[in-house]
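Next up is a structure, given as structure tokens.
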Amino acid sequence: MIQLNNLSYTFEKGGGVSNIEMSMQDDEFAFLIGPTGSGKTTLLRLIYMDLLPQVGNVIIGEYDSDGIKQKQIAFMRRKVGMVFQDYHLLEDRNLFENIALPLHVIGCSKDEIVDRVKDSLDEVGLGGKESHYPGELSGGEQQRACVARAMIKEPDVILADEPTGNLDPVTSFELIKFFEEINREGTAILMASHNYNLIKGRGHRIIEIRNGSIRKS
Amino acid sequence: MIQLNNLSYTFEKGGGVSNIEMSMQDDEFAFLIGPTGSGKTTLLRLIYMDLLPQVGNVIIGEYDSDGIKQKQIAFMRRKVGMVFQDYHLLEDRNLFENIALPLHVIGCSKDEIVDRVKDSLDEVGLGGKESHYPGELSGGEQQRACVARAMIKEPDVILADEPTGNLDPVTSFELIKFFEEINREGTAILMASHNYNLIKGRGHRIIEIRNGSIRKS
Amino acid sequence: MDKLAFLLSEGVKNLWRHKLTSFSSIFSIFLTLIISGTLIIVSQNTSKVIEYLRDKYKIEVFFKNEITFEKVEEVVSNINKINGVRSTTVISKDDAEKIFKSQFGEDIMKIIGYNPLPISCVVNIVKDDTKTINIASIINKLKSFQEIDEINYQGRIISRIEGYYQLFVRLMTSILIIVFFISIFTISNTIRLTIYAKEKLIESLQLIGATRSFVKAPFIIEGILIGFIGSALSSLLLIGLLEFSYDLIYTYLSFKIEYDIKLLILTLCSLSIIISFIGSSRATARFLK
Amino acid sequence: MDKLAFLLSEGVKNLWRHKLTSFSSIFSIFLTLIISGTLIIVSQNTSKVIEYLRDKYKIEVFFKNEITFEKVEEVVSNINKINGVRSTTVISKDDAEKIFKSQFGEDIMKIIGYNPLPISCVVNIVKDDTKTINIASIINKLKSFQEIDEINYQGRIISRIEGYYQLFVRLMTSILIIVFFISIFTISNTIRLTIYAKEKLIESLQLIGATRSFVKAPFIIEGILIGFIGSALSSLLLIGLLEFSYDLIYTYLSFKIEYDIKLLILTLCSLSIIISFIGSSRATARFLK
């Protein structure tokens, strides 16, 4: 369960979000939409506590942002899969190593890592590209790698920031279907997107943000 | 004028483009479409000679990729504005410095740089964010910064790789209109995109690429 | 286990990636340990060296010409009782004749038919370094004997050498302190460079849910590796040098160096661990929030 | 103009960003220049130093006891003609008596009523360093005089000192060569680190249409700045040390150091330019394709 109570965060140079009041169930699938610069990424960063709120608090599962310790943030993040808008892939490690990193963090065994990375790469259609470095992948392939990395630790929640920006319509559609499948298995998904065509008419909740505030939920 | 003659390039790890035969007039506006991983970025990299063709050659204006020297590539690039799919903004320089860099390269005076950067930032709607570092801009803002940087040296050709991936529909539409305006003033534009809705019905040429080859032009 | 292997390989990679700066840290640790090793050996030998030097101390006493050998022996037994005197060697007229020969290339007996040279006596000083010697008071006591004509002593030069020795120890100690801090500084600088180069990795790891200790571990390992290599190299060099110079010094100065290899290696290792631990924690504490 | 200002400010920023590694390059250049400066001064003074040392050379010759002073004077005038002899000083029986007194603390005249000590003569050697002296041949010629009884000479010690001096010069030269290459190496390492850190900038600049020389310029400027700072520091230190030690050495050894400040600074500057130029071109050539 994600719950945001009267959340505000303003950057020093201006911009940010204010008075966000929102909650999500454990098995919900919601879209976050809004024009560029409206605060979608900021909101997601607040949820996975990359930013800590200046006002209000975030509750995610058993973790409350109020007075949370660095170590607890780390443990919380192990249960959250994140797809970053700017990928955050490591340039000096190949695809396999990039995807394996979250498993090293939680301390999986070598064999398990090899198996799970292979499976998740196949799932997003990147099988056979294990040895490519991020610079040797197309934009869309990098984006899918990012999805695979978020998914590999089988998280309770997936926060995806514009995961289809560099995908063609067919691949985007496949990704949404894939997300829906995971959602059906009990993972909550919050996905920021500009792609109204992809979103509309799928029966999921749509949260609209404008100028840092939620307009309709 | 851009002309590609029997162009082929294959990466060591596979992927690339083959037998590309294409030409563009000095005042043309063309879209490059194709599924993710089909070779759009590779084709654009060949045109601005970030990659040199293994077979065939590229002619852009007075420059021929056959036996071209490093120095001539540099001069050629000063006449080509590029919007990169992955932005290529410098993390340790603020927006102003990022946009000003091409002008330093061609040796503009300080005053001219200040004026032109201000104008071009206003044009893409980023006025007032001069002191933001790339990490302090939203995804869409970074993308527009990249457009501003490509435009600032008033190039003869603009090569734009997925420039609307992180833009909402309204801003994307504005960008296309802006490109059309520039095109009317005599700049050739080649833009790779997934966004069929944005492209269709605007009367521009559409080049489709699949699996590294041009399908219809 | 696999996690440990992962962290270890990350640490080795870090070290290897910045070979050149790692090398400078290893070198500075090496230097620190060489100096501390030398100091340890020096301090273990200080009493022997001072003893050795004092062994060379001597005061020469010339007796008046008219004094008989019996009288001389009586006086010498009194000299032996002076505080700070270890032993005495009487040089008879015959001995003096030989010394004259070697100095002037002449046989004095042949020239003038008899030996005019006075009886003299070499006074040796206590060797034990725990006692500080007051040469001046010994000289004064010797002067009080009426039978003594002249007193010659090189004490000043030798006590100056002793002074140099102590100056050397003090100098080495100050240099040790300086290089100790330089080592900490260069190690933390090396690791800081690695941290800079790994900024993205660190950020990504933290975003993925790595704890701070997991993120820090490879850097601490890098520091410890640097320390380990430094201490291994310096131990090897020191032991090699000791083995080599032991014979040499024994042959030429008949001085036996005393050392305890186990203690030496132990001290060097613990020093290097301290340095690399402080250095790398300093770097990670400052640059990993 | 604005372009130049831009490139210059980029160079200074590079230097500042890697303060610590820049510092180590500056230090190694500094070291190289200090050593070469010392060598320049040493080589300018070599002939004076050798002259100074040879001034202290002496061979002592003892005449047989029966030889009269007149005969001695005749022999000495022959000694003066030997190749390699600069001058001679005759020590009469009276002089010898004084020496005896200072050695043995006894007045030999008082003891035996007459002076048995032989006449001797100190033979000084030519000072000019362009001539190499064959001490052995001089000794042989001296031995051929029947009037001479014994020959004493410290030549060995002093020619050993001369040997040490030359060893010192040779050692410094080898060290110079080593530190020269170390300097080039550390500079190119420093600049390589900057290049690594600026990988993105370099790539972006090249994609934007910057020529290779435009991209290289800030790194070359960085190298030259390092060289300049190194040579300024070492010139200052050397001149300071010279000014300080000139008086000191003159007072204690009455030896005047010869040096030419302009030549010194000029040499150091050109050396530092060579080092930093080679170092930075090496880095940029290898790491900027």
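In this document, chain identifiers A, B, C and D correspond to the written order of the chains, with residue numbering beginning at 1 in each.
Here, a residue touches a chain if its C-beta (ideal position, glycine included) is under 8 Å from a C-beta of that chain, and two chains touch if they have at least 3 such contacts.
Because the structure is a prediction, the values reported are computed rather than measured.
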| item | value |
| --- | --- |
| Any chain that touches chain C and chain B | A, D |
| Any chain in contact with chain A as well as chain B | none |
| Most remote chain, CA-based centroid, reference being chain B | C |
| Distance between the centres, which are taken as Cα means, of chain C and chain A, whole angstrom | 64 |
| Computed distance of Cα centres, chain D from chain A, in Å | 70 |
| Chain C and chain D: spacing of chain centres that average the CA atoms, whole Å | 28 |
| Touching two or more other chains - residue numbers and ranges from chain D | none |
| Chain contact topology (line, ring, star, complete or other) | ring |
| Inter-chain touch pairs (all) | A-B, A-C, B-D, C-D |
| Footprint of chain C on chain A - complex, ascending | 48, 50, 70-71, 74-80, 82, 84, 88, 90-91, 101-102, 104-110, 113, 149 |
| Touching residues on chain D, where the partner in the complex is chain B | 1-3, 5-6, 200-201, 203-212, 214 |
| Complex interface listing, chain D residues touching chain C | 20-21, 24, 62, 65, 103-106, 108, 111-112, 114, 116-118, 149-150, 152, 189, 193, 196-197 |
| Parts of chain B lying in touch with chain A, wherever the complex brings them together | 11, 13, 15, 34-37, 40-41, 85-86, 129, 131-132, 136, 138-142, 144, 161-162, 165-171, 194, 196-197 |
